[in-house]
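In order of appearance the chains are A, B, C, D and E, and numbering begins at 1 in each one.
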Amino acid sequence: QDVTVFAAASLKNALDDAAGQWTAETGKKAVISYAASSALAKQITEGAPADIFISADLAWMDHVEKAGLVADGTRKSLLGNSIVLIAPKDSKVSVKLVPGVDLAAALGADGKLAMADVAAVPAGKYGKAALEKLGAWAGVEGKVAQAENVRAALALVSRGEAPLGIVYKTDAAADSSVKIVDTFPKDSHPEIVYPVAQIKTSKSPDAAAFLNYLRSPKAVAAFEKQGFTLLD
Amino acid sequence: MIEIDLSHRLDAFRLDVKFSSTAQVTALSGPSGAGKTTILNAIAGLIRPERGRISVSGRVLTDIASGRVVPRHKRRIGYVFQDARLFPHMSVLSNLTYGRRRAGASTPVEPVVELLGLGDLLKRKPRNLSGGEAQRVAIGRALLADPALLLLDEPLSSIDEARRAEILPFLKKLPESAGVPILYVSHSTDEIAKLAGAVIHIEAGKVVTK
Amino acid sequence: MIEIDLSHRLDAFRLDVKFSSTAQVTALSGPSGAGKTTILNAIAGLIRPERGRISVSGRVLTDIASGRVVPRHKRRIGYVFQDARLFPHMSVLSNLTYGRRRAGASTPVEPVVELLGLGDLLKRKPRNLSGGEAQRVAIGRALLADPALLLLDEPLSSIDEARRAEILPFLKKLPESAGVPILYVSHSTDEIAKLAGAVIHIEAGKVVTK
Amino acid sequence: MFDWFRLEPAEVAALQLSLKVAATATLFSLPLGIAVAYLLARGRFWGRSLLNALVHLPLVLPPVVTGYLLLLSFGKRGPVGAFLYDWFGFSFSFRWTGAALAAGVMAFPLMVRAIRLSIEAVDRRLEDAAGTLGANPLVVFFTVTLPLSVPGILAGSVLAFAKAIGEFGATITFVSNIPGETQTLPSAIYTFTQVPGGDAGALRLVLIAIAVSVVALLVSEYFARKVDRRLDLQ
Amino acid sequence: MFDWFRLEPAEVAALQLSLKVAATATLFSLPLGIAVAYLLARGRFWGRSLLNALVHLPLVLPPVVTGYLLLLSFGKRGPVGAFLYDWFGFSFSFRWTGAALAAGVMAFPLMVRAIRLSIEAVDRRLEDAAGTLGANPLVVFFTVTLPLSVPGILAGSVLAFAKAIGEFGATITFVSNIPGETQTLPSAIYTFTQVPGGDAGALRLVLIAIAVSVVALLVSEYFARKVDRRLDLQ
């Protein structure tokens, strides 16, 4: 019987890679359903047949845990990421993300700052927290264009709609039409964590093995190749 | 025996008629807009009159006072409409046998097709029939439905005189041969004279004795 | 002067007619399905014949050989269809004046309304007119369009004899009073005799000399 | 060049699943769609406006909300879902049947409107004529009203099928995105758009989706012309 | 109890914006919708099937993809977008007009199908009659075909409006989610659904969306009945 994994969509490349390695080594298969963490978490609390859940933020893992569906002792922080300020490749803008940074000036008269939804999507929440910490939020609040997800925010910058944007480093690194202007200091926002856990109702005998495999050297290589860092 | 006693209003038009006839073919005449079609519609059960009673050969079809209103599909009335109203999605043959199939009747189709000269049209669709052809199909469809009463609303208006001369005698024979009385709307005094045993003349919604 | 020379095929039906008439009212007679309506459709420009030539009062409307086919809306033909074809979304009055407005004609409406007895119907919608009422509106609509030729396809089939006795003389006068020749389809030998200066008899798509 | 179009097994599975889901959704919602369209076209009952509003709801709400409502009611723990499972052993949860349900619900308003429009255009005088010829109301419906509404039924089915091929928000929210079971073409496309470098993969699937629907449309137009000819509407 | 329904200013803004966007989308796509429906119903030209497929595309593709395609073509650097900006100083980027464009595009197939269905049902013999009465083809279209297609035009507008109220995926991808400028009701609802514990807020906005569309439907049914009576269709 296959292991069913519910995973945040942003993990697709790395996790497909790791799961493929696992299959090659063990002959067992992981079936992975990628969607927004919010949808996955709600599905799990409504009885979805997931063995493992990998969320893109802590809040939705907390939601599942509060519903009593996390198998005891299996919740771990798996991956870390960082957020960066990006601009279109041909942009001449230069900004240092230090306290008191004047992002509004960098945006120009009617430029927008593309972010993922600052209330809902993890990357947006981290970005807002960081800007607040750097004292820049008040200056740009009215200029933020919130996208449904990080990728859409990235598209807004890479298509030149917005002169600046805030996305994960993992996304920025892979898009050749944007450049990273600066990386947000680690201490400017809550730690970016992808938590993982086995679901209590899971009956798969291989779930624990897969969970362990995610920390194997080959899996780690797959995650790091996409720009994630392994947490412990 | 047809007994009609009706009151009905359609906006400004008021119908108020009472007549009965024991003739085998009863003609309904009168100027355009007098209410002839409205009377046929009431007999066929297509409109529910405000007041009144309709009975045919002793069978009460509508009696508003007692609340008895036989639904249209149980009236066994063969109605040839003033506009042909053929089913556009069916062949001429399917149109002809539509009522026959409902009634489970075994009336042979061949003689009617013959009489009305429809032999070459059976596979055609109604849409591109000529005016007279459509009217003949409508007559055939009503005849084949095994009716207990025929309502004919100017059935021969678009039909040429030669064909008319064949159909009229057939209709005249029908009450006797098949026991089907006929109520016949026509403007042609000639047709009426040839066919009808009784004439009811309607004007402005009332029966007028001439 | 009407000159017609036509060949056209509709599936199994073949029309092949050639005739001309200098009469003011020309009658077109013949059994149902002979091709009378098809001829009118060709004259009105509703069908494009496979071959032939149509001219009215010296004006060539269709000449397939030379490629000249006047579009229907420029033919100035008042066509009373066998089915009334009233515009369901317009009042009787709007129907009556539809062609008149297109032609920018100033023909007074009142006398036509009077003649056809439509005074009480002007605000009504066509849908619930009686058969004869609808037919009269269709006649009025064609008359008011300021036509150069009138095509009448059994225009009086649903109209009672009293009204008919008023309309027929009016139609008879029309060619002289307004210079509008008439092509008239009818099954009624009586009507034809009263009205027509020439009779063209059609059978199975061919002109037959009687 | 052509290699680029060679599909991976998971993509073939997604394509097949999409077709199965869309066909199932369209076919199963058709009888209900016809019934509701008839009620809305002809019924004069209390609550007609309510029914009308209810039918339109999936159009008005964000698909995610519709999906979530489906999850709440047809999920394993939802009232309807639990009932179906307890009594019939049938479950929509995270099965392709659930994807079909979501697609059917999302496509329902489109289907109903088209059919309703055609039913409203049927000439009632023909129904009257059928009645006098001995056809009871049910027979009139099946021999006159329904055949004359075929243009709307076809148009409604085409719209519903197309919508069902494209449906994504409600589906992924209701039954997730499980390869081989609930991962339809749009879900697969969506997944591609969520990762760096996924654009090429997304584009390929988009082209496939377009090809599928062009074929479906051509087939439907072919049938529509055939029907037109049978009904002699032109 | 009633406090719960009191809307916050941002929500009022979202509601107003949704109405503005949906009304604009519906009104502006109507002329084009009628033209395309007429072409599809009556035209016999090469590329007709292609046009048909193109019109259906927004139905078949995941909304996110449609939004992305809009961004590619109507964005600041997109060919159409750049042209409009350079020549007319007009831009869809991050503006409510962009939201209306997205909603209009998404709703277009629904509108076209309904109108096309009605045009196809118009009795050509009436158009012939109008022709013999001196009406040129354009006049025939405006005095006969179009008025007799009003049921479909109404139905198509209702569908389009409802869809435009609910549209979200293409809108947020194209013009993102800027409160007061592009944050429509569905975007606001979506945001709520993405936050744990946001269900209550989402539910409130969902109820508002439902109320809006019930009102819109009632209004449209009222007009439809009026039209029916004017056309004397029943």
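The working rule: contacts are C-beta pairs under 8 Å (C-beta built on N, C-alpha and C of every residue); 3 or more make two chains touch, one makes a residue touch a chain.
These numbers come from a predicted model, not from an experiment.
Shared contact partners of subunit B and subunit D are absent; no chain touches both. Summed over C-beta pairs in contact, the chain pair with the top total is D-E.
The distance from the centre of subunit A to the centre of subunit D, with each centre set as the mean of the Cα atoms, comes to 34 Å. Subunit D and subunit E, compared by their mean Cα positions, are separated by 20 Å. Centre-to-centre, using mean CA coordinates, subunit B is 50 Å away from subunit E. Mean C-alpha positions place subunit A and subunit C at a centre distance of 78 Å.
With touch defined as above, residues shared between interfaces to two or more other chains in subunit C number as follows: 83, 128.
Residue positions of subunit E touching 2 or more other chains, listed in rising order: 64, 68, 169, 190, 193, 233.
The set of subunit A residues that touch two or more partner chains is empty. Pairwise, the chains that make contact are A-D, A-E, B-C, B-D, C-E, D-E.
By the touch rule above, subunit D contacts subunit B in their complex via residues 125-126, 128-137, 139-140, 143-144, 147-148, 230-233. Per the touch definition, subunit A reaches subunit D in the complex via residues 4, 6, 9-10, 12-13, 31-35, 39-40, 42-43, 46-49, 149, 151, 170-171, 173-175, 226.
Across the interface of their complex, subunit D is touched by residues 44-46, 71-79, 81, 83, 85, 87-89, 98-99, 102-103, 125-128, 141-142, 145 of subunit B. Residues 36, 38, 41, 59-60, 62-63, 112, 114, 117, 119-121, 144-148, 152-153, 155-156, 159-161 of subunit A are the ones touching subunit E in the complex.
On subunit D, the positions that touch subunit E within their shared complex are 49, 52-53, 56-57, 59-65, 68, 109-110, 113-114, 116-118, 120-121, 124, 151-152, 155, 158-159, 162-163, 165-166, 168-169, 186, 189-190, 193, 202, 206, 209-210, 212-214, 217-218, 221, 233-234.
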